[in-house]
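In what follows, chain A forms one complex with chain B and a second complex with chain C.
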Partner chain A sequence: MGDYFSFDRFLVRIGQITPYVLVNFKMVFWAMLIGTICAIAVAILRLKKIPVIEQILIVFISYMRGTPLLVQMCVAYYGIPIVFGNLIYNAFGINLNRLDAIVFVIIAFILNEAAFLGEIFRGAILSVPTVQTEAGLSIGMTRLQILFRIVLPQAINVAIPQYGVDLIGVFHNTALAFTLGVLDMMSRARTLGVSTGHTLEGFVVVAIIYIIISLILKALFYLLEKKFQYGRR
Partner chain B sequence: MGFNFSYFVTSFKQALLYVPVTIKIMLVTFVVSFIIGTIIGAVRFYKIPFFSKFFSIFVTIYLGLPVTVALVLYNLIFLTCYNDFANFFHINKQISDINPIFVAYIALIAGYSCNLSETVRGNLRSIDKTQFEAGYSIGLTKLQTFRNIIFPQMIPNMIPGLLNNLIGILKGTNLVSTIGITEVMVAALYPCQETYSYLEGYLAAAALYWIIGIVIENIGHFVIKFSSKNNKEVWNYD
Partner chain C sequence: MIELKNVKKKFGNNEVLHDVSLSVNDGEVVVLLGPSGSGKTTFLRCINFLERADAGILKFDEEEIDLKRAKKKQILDIRRNSAFVFQNYGLFNNKTALQNIMEGLVVVQKRSKEEARKIALDSLEWVGLKDKADYYPSQLSGGQQQRVGIARAVALNPKFILFDEPTSALDPELVGETLSVIKKVAKKGITMIIVTHEMSFAQEVADRVIFMDGGVVVEEGAPDEVFYKPKEERTKKFLARILQKDMYYI
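Presenting the complex of A and B:
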């Protein structure tokens, strides 16, 4: 192996790269926060089956499921300034071409999550048998009471494991953001490699950070899953 | 800057030429990963000593590694260490003669084998215990039982999971562009380098992936229908 990998450089890289994990967390945080809100809207709209919106949402979800995230990010990065550039410049005075790439990456994530999480939530709500709703109606609960006291607690039970898998997936996908020039762990490892001539250690550090955080997230969602098992303990 | 339809058509035509490359990467990855995934899943299900523990730790850790990072890392190891490796084994081949697609295959297959092994293991668990016992009762070995009784029953239940994995792999083939392999997305961008208008190229790539995805999904739904119809005819003994 020669001089390609040295343990001392590896230790130095840990200190240099770890702070940039916050950039990845920032992307995951905003994507999941706004993505979840959008996904709830998507799920509700699809369950209501409003004629035109239903078809639009089916096409939207099919697009988000059928195209790679990297392509979606690039379409957002190059497309949003062209389509909405003038409008937003006139309304808010923000020049979209000057904005940081991370904004477009987060927008791509949000749209992607709206589709994926929307399907997860819809599936979870549909998985609650209709007898449960009827049981609520029979004892005179209102629709909202049924939703919050009967349907949602059971739906959360189904949705949480899938939500966890999805969140870890988003965290993994933030590794793509460096292709658009977002300064996250990957591009930090790359720039350090270019400036010092030793690239390998940096990417090994990135890989280890991804693995550790994924395992932590998995463990957290396992505990959460245990906590939300209403009536099945 | 605006959307130019003729650029879009040029990009789309260029990308169309590279669809076979993407399909080939997808199918090779899928088939090899499925075989390896089945082996890993079966080893973990039957709790074969040592290997079961090893794979359960390996899969858990490896699922935490994004395919992108794995690709970049393996490519880097390949680029830096190939010469030493070749000297050690006396391989008379320059690094430029070796197609980087092998690195892509290794990274994709390693990642998706772990995913598929989880799918296989989940389905193995869902199979009734009596099916195993039926095999053993007529004197079949574990391997024979698995091959002749368990595996054929798993396939129909597994198809939706496999379909999801296949579409995941289709989207994963897009990542190999990060290590400089030309596939649909990179090809769609070739014409853009003359016009500096990249949106059309990415939209063309998106449209093409979308079409391939829809075709795969429809084939999958057809297979599901077909297999469930067959199931009823063959397995209505109870």
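Presenting the complex of A and C:
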């Protein structure tokens, strides 16, 4: 088999690569935090069916769903400084060309999540039967009370499993970020591989970290899902 | 007293209500009968603005409200004085039986949680479901859900209750328990307007029967009159069809 894989090097790689998972976490954290807020806005705006805004959102969503994430990242990385560079420099004195690549990767994730999660949330809200709203109206509740006390709690129940799948997907997709020069697990595994000539161990470590964390996330969402079942089994 | 005058409603080109008027005295139980598509349910839904009528006037508590132009406050006022029992129960799926009843008492009537809880438990007991207080709707049978729905309506202490085919989504063996609870509500003296296809129940519970067809009131009167001595041809035909259907059940 030759000297392609050694257990000792594998153990060394664990220590060398694991700390970099924090960089991937950082991308997931900001992508999900701001992405979720944007997605709620997208879902509500689409449900309100405001002319012009609705068409813009439809185009935006079909761009996000119709193009690979890697392409979106490249467009954000190379496009945003060209389009908004001068504007932001004049307004805030920030030179976008000097900004870390991770910022653009996170922006790409946020936009992508705004579209994908937006559709998940919209579907979840639409899945709540109209009679739930009518029942609230009939006892004299206001629309806002119904939204927060009746519709959203039931929509959450529908959205949680899909949100979990999406979150794990985002975590996996952070593996693309190294292509733009973000120093994460993948990039670390690659540099170690190039500098030592032993590539495989590093990527095996990355794969194992991805699996373990995905399983943990899956379990967490399973528990969360159970909490919102309202008596259903 | 609730008075409805000249209520009209179209869905697109389909005129569902063609000038319907009705007045209901305090404590009176009125049953709306008629073939499906005759506008009964739409009429009921127009009364508490689940459907916005195209024209018509609602007179309630000395106040005259234009059904088409009613303001938010007027609509809330009507809804807070009335309750609606839905065909498919309309229980809040994310709340237990007890919480379903408490919701309106706490959120709308601003009662304290303890007080609401007490009222809710009393009214669950009243429909014979005190032991199901902590069950979610998905854990209850259709008949039980509808009884909770009725308990929720009654607990709010409304001036009138609207029933929209309260038993037509139920399995035949669950219809009886629900009807007997509605009869209990009638005995309380609450004003009720009921849309139903249960003829013998209608005959028993109604003070007055209204027969609707094609978006108009065809005939109205005491139950015995309408059932046994219908004047209009359309009423006779409808009753003949319905009674025939009842025969099949037997």
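We take it that the second predicted complex is superposed on the first by the 231 of 233 C-alpha atoms of A that agree within 3 Å, B and C clash if a C-alpha of one lies under 4 Å from a C-alpha of the other, contacts with A are read in each partner's own complex, and residues count from 1 in each chain.
We adopt the following convention: a contact is a pair of C-beta atoms (placed from the backbone, for glycine too) under 8 Å apart; a residue touches a chain by one contact, two chains touch by 3 or more.
The shown structure was predicted, so the numbers you read here are calculated from the model rather than taken from an experiment.
Have a look at chain B and chain C on chain A after the superposition and call it: clash or fit.
Once both complexes are aligned on chain A, chain B and chain C fit side by side.
Once the structures are superposed on A, label A:Gln72 by its partner contacts, choosing first (chain B), second (chain C), both or neither.
A:Gln72 sits against chain B, while chain C stays out of touch.
Output check: A:Val131 vs chain B and chain C. Expected answer is one of first, second, both, neither. What do you get?
second
One more residue to check, A:Met141. First (chain B), second (chain C), both or neither?
second
In the overlay, work out which of chain B or chain C sits against more residues of chain A.
B
May I ask you to decide whether A:Ile150 touches chain B, chain C, both, or neither, giving the answer as first, second, both or neither?
second
Chain B to chain C: minimum CA distance in the overlay, Å?
20 Å.
For chain A, which residues lie in the overlap of the chain B contacts and the chain C contacts?
none
Going by the contact rule at the top, pick out the chain B residues touching chain A in the complex.
Interface residues on chain B, with respect to chain A: 1-3, 60-61, 63-70, 72-73, 76-77, 80-81, 84, 167, 170-172, 174-175, 177-178, 185, 198-199, 202-203, 205-206, 209-210, 212-214, 217.
Can you list the chain A residues touching chain C in their complex?
131-132, 134-142, 145, 149-150, 153-154, 157, 230-232
If we count contacts the way the header does, which residues on chain C are in touch with chain A in the complex?
48-50, 76, 79-80, 82-84, 86, 88, 90-96, 103-104, 107-108, 135-139, 152, 156
Applying the document's contact rule, which stretches of chain A touch chain B when the two form their complex?
For this pair, the touching residues of chain A are 1-2, 4, 62-63, 65-72, 74-75, 78-79, 81-82, 168, 172-173, 175-176, 179, 186, 199-200, 203-204, 206-207, 210-215, 218.
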